[in-house]
Amino acid sequence: MGSDLRRMAEAVQPGMCIALPVDYAGVSMAMTRPLIEHGADRLHLVCVPTGGLQVDMLIGAGLVARVETSAVSLGEAGGAPRFNDAVKSARIEICDATCPAIHAGLLASQKGVPFVPIRGLIGTDVLANRGDWRVIDNPFEAAGDPIVLVPAIHPDVAIFHAPMADRDGNVWIGRRRELAAMAYASRTTLVTVERIVERSLLADETTAAGTLPGIYVSDVAVAERGAWPYGLWGEYETDTAELKRYAAAARSAEGFADYMSGDLREAAR
Amino acid sequence: MGSDLRRMAEAVQPGMCIALPVDYAGVSMAMTRPLIEHGADRLHLVCVPTGGLQVDMLIGAGLVARVETSAVSLGEAGGAPRFNDAVKSARIEICDATCPAIHAGLLASQKGVPFVPIRGLIGTDVLANRGDWRVIDNPFEAAGDPIVLVPAIHPDVAIFHAPMADRDGNVWIGRRRELAAMAYASRTTLVTVERIVERSLLADETTAAGTLPGIYVSDVAVAERGAWPYGLWGEYETDTAELKRYAAAARSAEGFADYMSGDLREAAR
Amino acid sequence: MSGPATSREILITAIARLLDGVRHVAVGAASPIPAAGAMLLRALKQEAKAERVRLSILGSVEHNFFTNGSAELFDCAGQGRIDAFFLGGGQIDGRGNVNLVGVGDYPATKVRWPGSFGSAYLYFAVPRVILFREEHTPRVFVEKVDFISAPGVSEPGVWREGGPAALVTSKGLFSFDRSRPGFRLESIHPAHDLREIKAATGFAFEHDERPPFTPAPNEETLALLRGRVLDELHETYPGFAAELRREIDGCASAA
Amino acid sequence: MSGPATSREILITAIARLLDGVRHVAVGAASPIPAAGAMLLRALKQEAKAERVRLSILGSVEHNFFTNGSAELFDCAGQGRIDAFFLGGGQIDGRGNVNLVGVGDYPATKVRWPGSFGSAYLYFAVPRVILFREEHTPRVFVEKVDFISAPGVSEPGVWREGGPAALVTSKGLFSFDRSRPGFRLESIHPAHDLREIKAATGFAFEHDERPPFTPAPNEETLALLRGRVLDELHETYPGFAAELRREIDGCASAA
């Protein structure tokens, strides 16, 4: 199992754009350590549409050059300490977005178009700081009506965790369709799962409805409780105490290092 | 059951824009007769993305002013006779589209934006005949790169057939997500189903993944074998012999009238 | 359970009143008081056999009827299917601008908050946005925000279906006038006063000479709140529900 | 089952050859010969332990691994995940233009066909589009189509990832040169000749003085075709599979 995760981590190269899901959608926390050990740095993270513990850890480990996100936080456990510190000290570039703009960028990629329009945003400092977005006058109105265009986001790699996959690489994502959107938009999609099932997920219409087809999935590895300390829908709850333990430890770079090495020892048990 | 369908048909008013699904996605054939009896005419049909028997019957009954579609045919049973005749004699306005452009128009509506871009189409007579579409230069390229913008399609009413609904109006659509797209885009959504189930389709993650939530569904009525002579995925096959019987009869207006009245007698049995 | 309304119960009741008339309200995952207000409205409408009120709580399994991923909330708002939403803010200014990003010069702000989430879109798309922030201090309610995550008002010609309707804090309830633009203090919560609110607010606002107190819930409303609503709250916000119950019991025993 | 290859088997084999190198091919619902060509390629690649070939048959449950509705095919093509596709045409002209709409003045055409389906998009998005039309007559292969559902070539600067690669008819096999632009007759199916093809084609095309015959499948290919591929075909196109089997048996008994 560990070797599978290390093999998967090798798909990530320095400078790549990596898409990661929101806390509750299926974060592959199990891939965090293999990614850090693999060490590919200068990563551009795209949080779909917000980030949490995994993003904070990758930043703390020094692997991240840029984060595009609508927010990074540890939810109930408070702010994301390594993210906040890196932003304040300008060690990472922050591209602040808003949730539907990240979905729009992935959608453009899914549809094979260079951009998708989005309402709102006019007059915000979010827009003012995004030189990569454009404002045009809606060509369907006689005059005025400015509208923002968000360019396609093309991640090199999407990484997430799901309850199950079958032998053909079909992955059960249920109603968490942002995971499909990430895979559609990405060149490579790496998935960890709680378990492999022997039946085909596409063979009956009930499971097929919530399945990401294998054509979009580059590699699958089993990682039991692979979202921990996050929860996984229908499987287990978030371990908020652990998130708080991290939040307290990672207030300083030293505390973060201690937490990560402690975690290493636990993993080695 | 008949009274439920008649009640639903009353939601359709003359001149409205009506979205109807492709043959294999779940056509509510059961609604065809109530719609004809109700008699609301000058309808604008939007086929998602192509039309068949139901569209041909509504045209034959004189209810249709305009059809926006990527194609209308009876599949294995050949061309759609009343549609072809109405186009040739210019009794209806035909807005020829291409499948992904219809999906794009509904997507714009789903996203609450005035348009969505689409690749292709440049140099086609499809585009040349669509005064309601626009071509702009992609603002993300320094020069050139023309791209088509398709305006949002806002149907007044979407009508389709599905295997089941629950008591809260949640409808099982499986992987036929164009049905969800139709509902998202439409003001009113009318659904016929094979059966009502007593459990909530949203209560477990497996069925929830293929469920259109009740918030998008205006009304549901039971109509057993409601797609007939079309099939319904996972339920029953298309009755091609019946489609051929219709295709042969409807070559003339008189034959169409005979078929429809014969059908009436059968329904009255 | 028959003691007087607690200050939080008065807040929840005020929020239910602000939501009157909505068919569908969405609430953030970490917003128990807004959720309680929406649950109370739903219960009141059901008792009155009025039109059903739908409540979506983001991130909740129980109160999540979305099946198309986390984009569906925004799609739903864009379709005009969400009538009300709640927004907090690290800073909120007198023009209704909201800052969820940080304090100081962007991007290397000296204080960094999580980020703008969906505010830069939802503030435009949802007709009735209720600003809710319990902490009522001059560092929250500022003259001018350091970063505009979402603007209170827009230029003419900019697409805008909604925006701020009201501001609810631990001290009072404000309405928002988009034409001026600016806030007006509509009522003061019991045990607070105008002078205190002025001192705690970094922006100017309109007010009557003697603003009324925010009304407490009537008997029927209080019974619903302490019965059905508290039970419903317990499913999604067990910690908050337990705390609320302790406050109620404390109030009752003190009375 | 050891008779010589039938004309349809030669067609199927030619199509499999044209598809060599693709990872994912999509086929329309009513296209048994293209589907058979793709199935044959898949079987050959599997025998050779080469990279897996995926086949999507639109409208089929068995060969449908899409789970996002009927838009997914087009999305998938836009993402560059579909390498080859088949297109027919009521009219096809010498510049590779395809007409699926009708004959005569649009919109009230004197002959009306179903419509353009996805061609106005897929012809641009899919790298290798194979034009397939069994009927080889001057009314199909015209000098200039009456309506361009999908153009064979585009102006410079127009986004285009693909287009026509070849044209397969009951009489011969053409390649398409996008730079000229125009067709070139690459081979003639057995029992046909150049003069006949010229007479049946309404547009000019390049050709060698004596074009070769389209090669018949070798023994191994024929065995796969008559075994595994015929079985697979039977699942999706039972009528066509039965017809093909009768032709094979007829050929064998005549030989």
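Observations on the model:
For clarity, chains are labelled A, B, C and D in written order, and residue numbers in each chain start from 1.
Operating definition for what follows: a contact is a pair of C-beta atoms (placed from the backbone, for glycine too) under 8 Å apart; a residue touches a chain by one contact, two chains touch by 3 or more.
The structure displayed is predicted, hence computed values, not measured ones.
Legend: contact pairs of A-D compared by residue number with B-D, B-C or A-C; the interface matching in over half of them is B-C.
The chain pair B-C and the chain pair A-C differ in C-beta contact count, and the higher one is A-C. Each chain gets one centre point, the mean of its Cα atoms, and the points for chain C and chain D are 61 Å apart.
Each chain gets one centre point, the mean of its Cα atoms, and the points for chain B and chain C are 41 Å apart. Rounded to whole angstrom units, the spacing between the C-alpha centres of chain B and chain D is 29. Multi-chain contact residues of chain D, defined as those touching 2 or more other chains: 66-68, 78, 125. Within chain B, contacts with two or more other chains are made by residues 107, 111-113, 118-119, 145, 147, 175, 180, 208-210, 233.
Chain contact summary for the complex, chain C toward chain B: residues 24, 54, 65-68, 75-81, 125.
Of all the residues in chain B, the ones that touch chain D in their complex are 22, 24-25, 48-50, 69-73, 75-76, 79-80, 83-84, 87-90, 93-94, 96-101, 103, 107, 118-127, 129, 144-147, 175-181, 233. By the touch criterion given at the top, residues 109-113, 170, 180, 184-185, 202, 208-216 of chain A touch chain D in their complex.
Chain D makes touch with chain B in their complex at residues 29-30, 59, 61, 66-71, 74, 78, 100-102, 106-125, 147-151, 154-155, 157-159.
Of all the residues in chain B, the ones that touch chain A in their complex are 104, 107, 111-119, 134, 136, 138-141, 145, 147, 149, 151, 173-175, 205-210, 233-234.
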